[in-house]
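Okay, handing you the structure first.
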Amino acid sequence: MQIMRHELLLIVITVILLIVEIFLPNTGKHKIILPAILLMAAVTIIGFIPATPGILFGGMYQSTPFTVLLKNILNLGVLIVFIQSVDWLKQDQNREKVSEYFLLILSTLIGMNFMISSGDFLMFYLGLELATIPIAALAAYERFKEKSAEAGVKLIFTSALSSGILLYGLSMVYGTTGTLYFSDIAPLINGAPLQVLAFIFFFAGMAFKISLVPFHLWTADVYEGAPVNVASYLSVISKGAAVFIFTIILYTVFYKIAELWSEVLYIIIILTITIGNLFAMRQQNLKRFLAFSSIAQAGFILLGIIGQSQLGMTTVVYFVLVYIFSNLGAFGVVSIISNRTGKETMDDYDGLYRTNPNLSLVMMLSLFSLAGIPPLAGFFGKFFLFTAAAEKGYYILVLIALINTIISLYYYLLVIKAMLLNNSDRPIGYFKSDLYTRIGLIMCVIGIVVVGFTSSVYEMIFNLGFGLY
Amino acid sequence: MFEGVPLTWFLITGTIMFFIGIYGFLVRKNLITILMSTELILNSVNINFVAFNKILYPDHLEGMFFTIFIIAVAAAEASVAIAIIINIYRRLVNIDVEKMNEMKY
Amino acid sequence: MIDFSYTALILLIPLVIFVLSGLFGNRFKPLVSGIIGTAGLFVIWVLSLVTAYQYFFLTEKAADGTFQELLAVNIRWLTFSDKLHIDMGVLLDPISIMMLLVVTTVSFMVHIYSIGYMHGEKGFMRFFSFLSLFSFSMLGLVVATNIFQMYIFWELVGVSSYLLIGFYYTRDSAVAASKKAFIVTRFADLGFLVGILILSYTTGTFDFITLTGDESPAFTSGQGIWFMGLSTMTWSMIFVFIGGAGKSAMFPLHIWLPDAMEGPTPVSALIHAATMVVAGVYLVARLFPIYTTTAPVALDVVMYVGAFSSVFAAIIACTQYDIKRVLAYSTMSQIGMMMFALGVSGDGGHEGLGFMASMFHLFTHAFFKSLLFLAAGAIIHAVHTNVMNEMGGLRKYLPITHATFLIACLSISGIPPLSGFFSKDEILAAGYEKSLLLYWVEMIVSGLTAFYMFRLYYSIFWGKATQYHHTPHEAPKTMTVTLIILAVITLLAGFIPFSHFVSSDRIPFAAHLDLSIALPAVLVGLTGFFVATLFYRKETTIPGQIFNFLGGFSRAAYHKFYIDEFYLFVTKKIIFNYISRPIAWFDRHIVDGAMNGLSYVTNEASFRIRRFQSGQLQQYALVFVSGAIFLTLFFLYLWTH
Amino acid sequence: MSFLTLFIIIPALTVIGILLCKKHMQVKWTAVVGMGLQLILAIGLIFLFLAERRSGNMDEILFIQDNVWYQTLNIHFFIGVDGVSVAMIGLTALVVFAGIFASWDIADLPREFFTSLILLASGVFGFFISLDLFTMFLFYELAVIPMYLLIGIWGSGPRHYSAMKLTLMLMGGSALILLGILGLYFNSAPDGGPLTFDLIQISKIQIPVDAQLFFFPLLFVGFGVLGALFPFHTWSPDGHASAPTAVSMLHAGVLMKLGGYGCYRVAVFLLPEAAHQLGWIFLILATIGVIYGALGAVWQKDLKYINAYSSVSHCALVLFAILIFNETAMNGAIMQMISHGIMTALFFALIGMIYGRTHTRYINEMGGLMKVMPFLAVAYVIAGLASLGLPGFSGFVAEMTIFVGAFQKIGTFYRVATIIAASSIVVTAVYILRVVGILLLGKITNPEYETITDAKWYDKISVVALIFGITLIGLAPLWLSDMITGGLGPIMQKLLAVAPILN
Amino acid sequence: MTTNQLMFAIFSAVIIVFSILTVTSRRILRAATFLLFVLVATGGMYFLLRFNFLAAIQLTLYAGGIVVLIIFSILLTSHISEKMEAPGWKKIIPALIAVLAGAVITISTILQYPFPQQVMADSERTDIRMIARSLISTEKYGYALPFEVISILLLAAMVGAIILAKKRKD
């Protein structure tokens, strides 16, 4: 019980919500919002109570303080996502599907938790699918919008293709090692060509989840079409979970071919950061914009992984944490503005600061954090990522990444320019955002501002993390 | 030798099927046919798993169980995909994948 | 030993006056600031007289009979390194005291004069504060204990000159002239600076006493060939001389001086006749031991430049019509003679006659030239024009001015027994010993001097009787009184036994009049005088005929040999158009363009690759699959092999 | 806990105070009080520092505070000052203080303006007191970013373009710096032991020469971008031209000094061998920059462009002097930074004030302003004279120290470079006098300007404070020079160890 | 050629041929039928490998479940008689190149790999009880946990499908 606490709690609240939903009248479905959030908050808080580490189901499930930490990070993110979605859920056309929204998200979260804790590829695969398929339903959630349906299609089909390729890779892993348990596989990895092929197919499947170039093309379309909150969920939680397990698998299963995957990552990082940035430069739609920006960010995250050290692992987790706050901050603002005014393009944001200074400020902080500007948390995250990569001697790679930060700064500044510098004839009018949104944004801002200064967060992750050497 | 059938035969069959599925995925227009192609892909993987399990590692049933779960997941995936497809059909009255390009660049 | 530390006051008083009147000047009534300034100058004047008296008569000489070099004050101002540091202080030796006297006297006179001359001008107090600034800078230059202090005050002198030339700042010509003066001298100062750098590097000191002493490091180091066959020290001295040439308006850096006459006339008298322009001469004199001992080539340069400038300016002076410009060219010519004198001089005793002559001429010239200027100021004050063609017959209206002007003219023409005669005679004597050719050149110069001075004199005071709008009247007392005082000095200064005080090795010696030199000089002067009388006493056509007879040459002389145009061409056309403008263009288009180009390329790349994101699911899948396949291919078959 | 922390705390508190203010006046006065305190603190620091030195405390770094921040990465919050940083802090405090008054007229979003301004200032202060490369870099970037908003929102002309260009170029520089810092970090423990960002500690170890050769150009160019190293100076003209008054002041006056200081403190100090081997390349660039900036300024018609190019020239002189590697020139470099900082701040303040009155910065459209605004005009002339290196102002002291120092360096190459650099003083005179002549002197060309008024009280505070600064250094440079020299000891020792014949 | 080989050849041929037909047929319902054949043949493969239980699942779940689902949706969304447009060459050629390259690389890699000497497998049918035990076992090689997780997945998929497919009330 103790060991699987996260998953069990989530399952419990999912079931509770399911039951409550049944007893709610059709007109009062939105009443489930508050309980759902409170329950999630409770789970999040309980998650921080130290848990006993352990291995269950003969190694299929493993829980360490590290995975608990990762799950806590995800819980926190999901909590913020929930809080930010309230405004959207209260809209008329979504009222009747409120509880389904929570159910689906919670089930994907359960999937992610299992994925992170997985000790063999079967659990990993199931977690992965559980974390993907319901999101496709969520992406297509706004049935009255064509874009939403299109997003759903693109997500589910790309995901099917990618999981097919991933499975093919796994089948070859199985074929060459004879087992699916991580701990058994690891010593048997020897870098034979078929294993290289298997790894790359597996990698392609993961790259789809993390949206690395060239496996990223679905990202922007899905983010744009999906409801904002789903997009933000996809961009932070889903991606974050995938990064976590990807890192764990690389470090624990494929560590014998570290040289190989470092080289693969090397190429992919350059591609991802550069292409992501180049696309982000020209985006007008903010969701699309954030999509490409998150692609580039994913490339940066890989810099930590490529470091192969405990430092690298730590920075990856740390950066994801920071990234959750920053990206959710940005998405939160986009979300509330989209909900209230339906405006999503950058031109619409012209002069936003004059009418909605606080929202603009949150947006600015989030974007600056994403761009890695001190003293915001993003700066620390990026710096440590670069440190991790440089530690291994990848100076040229770091240089390329650094040059890319300039491009990324450019487009983040474009948004800030629209909000603060430009003036508009028809700016977005003043509106008062609701309590939930404000709480959500404040949480993000606190995260953005505080996480960097409090080194204890980093130290905590470091003490739990591990590296190849 | 599994009773006269080498492992690689299975693998090659599976691989060919895999790539045929991918080919279908890449060229078919109708969303449902694309869905069918993904089923081909998953099946090919299943053949691999099962063949490995039986011929090389018969001590445990890992491959077989993996296959079972893949089938289950495929069912779930198919159900959601079909729901989405039907949803689209209701909106657009066609399910041509090439028309799904409202969002680009 | 007498404590000379009070000499610091000579510097501090004008500085304090400048700061006070600069900060609070507009709170005072105009006249008050004039009076404060004048009173301050009076105090300084007295102080410098006292200093001179105490130095020459009360201080013991060194064992070998030289006047000592005294460091009255010396304060560390800035440290460069262990050896190199700038000190601020007061150095007393014969030439600095001589210069002190000249500067304070003329400055004092000019202050008094200006109270009358500038009366009612708008910037009265501004004028006086600038004058104080100038006095401070010039005195600082004179008493500098080290070459860097000199350079500092050298610059300050330049800026005060700039401010004073541009005093009438609403007049475009004045603004242009001030700018020109500053930039040209600044250019020369660069030479000075480079000279200092070389000198200080070679010798490891800035200090004058060390540099010019008997064991000067300048005599021992820097003797080897360094560049173009000349030694380091020679180059250093040539560069230093460039600085001096700039301030002293030597050819070809003279172009600012005539234009500088745009400033108020008292300024011209003070700065551009008596004090600042001789700074170059003073500088060479200061470093004279180095020139003679280790850099004779540089000294030759001084000689040739001086000689050429003197004759060059004299010719131009004959053709000009603006009275102040004539005086300006005359100044240039006279300073050229001083330089020439330094150039021909040797070191020590009678060998150093040229040095003494140069200083002597500097001394006398200061008085008669400032007198000339001040008188010219009185004339301009009376008739409101600078152009001599518009004057004539003024002797009836301006008797005092007339008299004093005549005295000054005679003096500069070298007519005995006026001061100019004595000093010029020494110069010619020194020149005769060195080079006969140059001796005759200087002879001609002195004839030309007499000619153009009397041309000026006759055109103003005689000639045709011009009708004036207002009847010209004599200037106020404050002005005439200074004219008279200066005239008296001009009359008497020649009898000072100058060589007893100033000599190249600071050992007094007796210079005597050499009739074989003096007589021809006087004759030449008189010739000039008579020719001028012939031409200009009455209105005649002779000058015009001669002017036409000489044709191109005289036109060229009238146009100052087109030097200005040449400079204009170089600066405006070449530097401005062909260097600065291309650089500005280069910066905007190439350097900046590179940066913009970078962003353009990025943007373009971003635009080009957008079709990968076509919105087509299957295209995405194709990229996905090919990506995976390519990676496999790459890592299986390309990377491993 | 060293009182140096106050240099960061005070701005932070001021920012919070400003954010709490409601009215414009409150905002301004909060800023004034905050930065006034900062100025007092800075002056106090100077006196304290001198007192410590006089009492015989010859430690390399004084007023140290060292707290561990990120334990595992060995990142410390490590602050302390030596003579050089004390001087730079004094400069910053003065310019910021003057800048507050120079932007008294800001009407649009004053709260945000002062917040950004003080944020920028706190970045600069933090940079100067930091001794840990990580925090140094943090503050460096912190100082760069508010610039974007300040220029973009309150600027003029093509402000969006300029702001973007400036920010991106500077961030480009900081990208190189970051890489360089990482390089230092990973080479900071050649004999094993913990890696460190500690500047002092790194300075005491011997970094492998090939690593030095790789990282020195990165660091030098990185900081050089901000220090307007040719040809990476091109953000400067546009940036300055578009920036509002106080921002130009701060930027040219202080921020560009971060570049020079970084080159000195990080690039040269920590990588002496590489500096010694590769210095000549940058020396050529710096020399070009000196003369190029000056000649570039001659042609310009926009006051701010003139000054921007002039800044390029002056700042290049700083880099030039640093690369000479001898104590005198290095001393001159620091003094030049301070001198140029105050002087150019004065310039920009005046340009802003003139622009506020005439609404143009094109010198051809103005003329004869001396008559209507004597105070500003005289101040402008003073600034101009200071800029062209007139004795009595700080510029002279600094330039002469540089030239004398540079000329002591053995080698014809250095001599020639020195003379070329020195010739810029003539060109400087040309463009300064050209501006003064056209702008201030002559007749009033535009009749509308007959009615404009002279400086207001707040303008005067700003101007007088700065003029006081330049003349104070110009008239009595010895205390500053001595203070700086004390700080140069360690760096000179390192350089001398590399090449014994340097001095 | 042993029986096994023959059977394998038949199944393999059916799989490959009908796979190709599935992805090329222009009549969608036919394509679905061909898919059914492929799935059945795959089931045959499992049978050949003595995974009878798996073969049964394949037939019931895949052939019976998913294909039926697909056919239903075809009926919902298409006209049976309608022939689909053939895809353009612009699509086919790159796809073919990618797929062929992929196939060649993969197969050659597989052929290169020195698979261990094949274990003589028990040709016995897999014991159904063993399967059952494994499925609820929590030990190593037990599948209780995945079994639970897949239930959540199916629940979530169901919920997702329902909210997408249900008609709006208005």
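Letters A, B, C, D and E name the chains as they come in the text, with residue numbers starting at 1 for each one.
The criterion applied here is as follows: a residue touches a chain if its C-beta (ideal position, glycine included) is under 8 Å from a C-beta of that chain, and two chains touch if they have at least 3 such contacts.
The model shown is predicted, which means the values in this text are computed figures rather than measured ones.
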Chain B and chain C share contacts with A, E
Among all other chains, pick the one whose mean CA position is farthest from the mean CA position of chain B. C
Which one chain sits nearest the middle, judging by mean Cα positions? D
Chain pair, most C-beta pairs within the contact cut-off: B-E
Where centres are the averaged C-alpha coordinates, which chain has the largest centre distance to chain D? E
Would you kindly tell me how far, in whole Å, the mean C-alpha position of chain E lies from that of chain D? 70
Need the CA-centroid distance for the pair chain B / chain D, whole Å please. 65
Chain A to chain B: how many Å between their CA centres? 27
Whole-Å distance, C-alpha centre of chain C to that of chain E, is 102
In chain B, what residues contact two or more other chains? 11, 18, 21-22, 25-27, 34-35, 56-57, 60, 62, 65, 69, 73, 76-77, 80, 83-85, 87, 97, 100, 102-105
Interface hub residues of chain C, defined as touching at least two other chains: 610, 613, 615, 617-618, 621-622, 625-626, 628, 632, 636
Residue numbers in chain E touching two or more further chains are 91, 94-95, 98-99, 102, 105-106, 109-110, 115, 141, 143, 146, 150, 153, 156-157, 160-162, 164
Every chain pair meeting the contact rule: A-B, A-C, A-D, A-E, B-C, B-E, C-D, C-E
What does chain A use to touch chain D in their complex? 311, 314, 368, 373-375, 379, 383-384, 386-387, 390-391, 395, 398-399, 402-403, 405-406, 409-410, 413, 416-417, 420-421, 455, 458-459, 462
Residue positions on chain E within touch of chain A in the complex are 105-106, 109-110, 112-113, 115, 137-146, 149-150, 152-153, 155-157, 159-164, 168-169
Give every residue of chain C touching chain E within the complex, in rising order. 618, 622, 625-626, 628-629, 632-633, 636
Okay, in this complex, where on chain E does chain B touch? 1-2, 4-5, 8, 12, 15-16, 19-20, 22-23, 28, 31-32, 35, 38-39, 42, 45-46, 48-51, 54, 57-58, 61-62, 65-66, 69-70, 73-74, 76-78, 84-85, 87, 91-92, 94-96, 98-100, 102-103, 106-107, 110-111, 115-116, 118-119, 121-123, 126, 130-131, 134-135, 141, 143, 146, 150, 153-154, 156-158, 160-162, 164-165
Okay, in this complex, where on chain B does chain C touch? 22, 25-27, 34, 97-98, 100-105
